[in-house]
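First chain A sits with chain B, and in the next complex the same chain sits with chain C.
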Partner chain A sequence: MRTATESRDVLALIFEETARILQEKGAKVPALNPEIAFLGGSMDFDSLDLATLIVALEERTGADPFRSGFKDFTTVSELASLYEAK
Partner chain B sequence: MSRHVIVTGGSRGLGLGFVEALLADGYLVSTCSRAANEATERLAAHERCFWQQATIGDEASTHAFLDAALAWAGGDLYGLVNNAGIAGEGVLATFPTVDVDAILTTNLSGAITTARWALRAMLRRSGPGRIVNISSIIGQRGYTGLAAYSASKAGLDGLTRALAREVGRRGITVNSIAPGYLDTEMSSTLGATQRDQIIRRTPAGRLGTVADVVPTLRFLLSDDAAFMTGQILTVDGGITC
Partner chain C sequence: MTFSPDWLAPTATVIEAGHRDDGISLAARAAALVPALAGHSLAVGPGSARAMAVAFLAAAEAGVPLSLVRAGQPLEATASLVLDPDLTLRPGQPIDTVGGFQLLLRTSGTTGEPKIVRRAASDLFGRVVSGSATRWLLTYEPTSFAGLQVLFTALGTPGSVLVAAPGAPIGALADLARAESVEAISGTPTFWRALLVALGNRDLPLRLVTLGGETAEQPVLDRLAQRFPGARLRHIYATTEAGAVFAVQDGRAGFPAAWLDGEQAELRITDGVLQVRRARAWIDTGDLVERSDDRVYFAGRRDAMIKIAGTQVVPEEVERYLLAEPGVADVAVRARPNPITGALLEAEIVPDGTVAPDLLLARLRERVLQLPPTSRPRRMAIATSVASAAGKKARGLVG
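Right, the complex of A and B next:
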């Protein structure tokens, strides 16, 4: 069971890596919050960016929640919860 | 620092030629084959070469090789050359299903598995990347007795085009090299009549050699090829022209 601190850590990691990916492709980094959607929202993020993020998170956390199949998520907090469920 | 390239199936024929050329060019090269031989023993002794037994198409064995290769190279991966392949000849109506499965599993599913793994390694780093799929003119033109092989190579070309679109903007290029009939072990089963017929139909008037194909790989891996992606480069002495 993860603690509240660990949960904040996952969110912080997602914010950090998302900002890095946006910066590397020269896109504007919006104010990131847990309810922001990855695709189709205010972020210039596409499916390849999302793949890059998942790979980066695997490297940082050692976990890949999608290993046994795709799990649906839209927002930053929904993605974070997949790592917390591990 | 030297760029790391993984070449599957490097124990003989075209794959061995690729590995030796890339080592001569200064790359770090990882390669695998189903069995060790004199060539792999020589390669394993090279300080810039890593070899491990692996069966492409067997996911656990493939991943074990790829993970070990990546660790050997300090986590870096610049290029993947999907070269491992098997062939089997016989008209489809009587060709054993188990052999069809083996050809598709090695030549196509195996290549998709390695490409997927390699892309994850490439997405972890910034900088360019290269995937080269070794296809065949038999994937573009029919040839009696090679239906499953032809389907597997046509599938590889489809993989090339789709992946090129997926990862192009990250500076990762994906191309196929489609050799014609080469004078390698794989073509040693050709009968004298077939061989003569192929040579007669080839404008260059001979079978190809490993050395005929190597320069195309060198080019595709180079920085000069950064704007070339999703293409099938045919190296066949003109037989398909």
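Right, the complex of A and C next:
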């Protein structure tokens, strides 16, 4: 059983790694919230950054929700739910 | 019954695992196997240079095919008899034996399935350079083409010695090289970088330093020239299809662009790929090259290119870029499957000990920002070694 604490942990991890990736490439880090969209939104995030985020999340959580193929997601909370469903 | 092929020097010696066999002893051990080989095919694995030599001599004398099996490849399935490292025969799988003595070699298969190459024994003897008696260290798998060339060079030269410890870790090879007063080593650039780390500042007075199997980059050539000032330094270019093509002796990466010029030239560049003339045909090597003034440099394998976010990336170019950072002894850049971009590059970094690992990683993260985004390793980690079993860096997808 996953708990509400773990859910917040995944969100916090995504915020942390997203901010790190943006900082490393010298982009502005916006105020992050669960409904922010990764691509095509207010963030200077591209497909390679997103790919990098997924590698980082696999390292931190040990989970790879995309092992069986690509899954649809747009926002931070949608990505978080993929890790929580594992 | 015994025999002695004319290429084999009776006074050449193989030293391996406490055994010391000269040419006469190897031929006698082979002769003892010959009666059992009639009507069979023979396979030998990567565990022993001594077994490799005996298998070759026995199969040639018996007139049966010899299958050379690399590490990680199935042994029993390739022949009806298998010669183990302790020189005992055991059954393999029943296989129709055709065509007398020939060598069946497998390429190391860094990209995809290993390819089987047939070689006549004359292909090997043609390349054996007769030189003065030399003490060699074997760094390649004995059953690889490069390993065979070193083995035959030693066994064909009176008074030469081949010191072998197949599969030994790099630290053990460094100790062995010193203990046996080795004078000549042929190895991949990955091997050489690892050896430099393993040796530290201990003495190893080499006369001949040869690089092969991977592109020799200028930093490793410079480091070797510095470390072994008394040695002749050369890097060899060879391909599975065309065999040995050339050796470069001037200590510089790549080769002279003048070799491309003139009607007698045996090399040319077509669509960025090096081609080699063999008889009247031009053979495509699959190696990407770039001409820069008076020099031609290798820029990776065409088929080692990786598609990342729709862009072709050559991992070797990224490795070269990371190797230029002070404090880096060796680097392996690999593709990691990724649901977003198809693949992403990741890098394993072997520090040379002059820069703290954390600082080195931080500097490398800065450094890769100068690369195009698709070429940046998105994950970098410190490693103690990046050599695979074959001595080449694995370039396929990991994970």
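Keep in mind that, in the parts below, the second predicted complex is superposed on the first by the 86 of 86 C-alpha atoms of A that agree within 3 Å, B and C clash if a C-alpha of one lies under 4 Å from a C-alpha of the other, contacts with A are read in each partner's own complex, and residues count from 1 in each chain.
Convention: a contact is a pair of C-beta atoms (placed from the backbone, for glycine too) under 8 Å apart; a residue touches a chain by one contact, two chains touch by 3 or more.
Small disclaimer: the values here were computed from a predicted structure and weren't measured.
**Q** Where does A:F66 make contact in the superposed view: on chain B (first), on chain C (second), on both, or on neither?
**A** In the superposition, A:F66 contacts chain C only.
**Q** Classify the contacts of A:E24 with the two partner chains as first (chain B alone), second (chain C alone), both, or neither.
**A** both
**Q** Among the partners chain B and chain C, which is in contact with a greater number of residues of chain A?
**A** C
**Q** Between chain B (first) and chain C (second), which, if any, makes contact with A:V55: first, second, both or neither?
**A** A:V55 sits against chain B and chain C alike.
**Q** Following superposition on chain A, which residues of chain A contact chain B and also contact chain C?
**A** The answer is residues 24-25, 48, 51-52, 55-56, 59 of chain A.
**Q** How about chain B: which of its residues touch chain A in the complex?
**A** Answer in residue numbers: 119-120, 123-124, 126, 166-167, 169-170.
**Q** Using the touch definition up top, name the residues of chain A that touch chain C in the complex.
**A** Contacts found on chain A: 24-26, 46-48, 50-52, 54-56, 59, 66, 69-71.
**Q** Help me check something: in the complex, which residues belonging to chain C touch chain A?
**A** Per the stated touch rule, the residues are 308-309, 336, 338-341, 344, 346, 365, 369, 373-374, 376, 378-379.
**Q** Which of the residues in chain A end up touching chain B in this complex?
**A** 24-25, 48, 51-52, 55-56, 58-59
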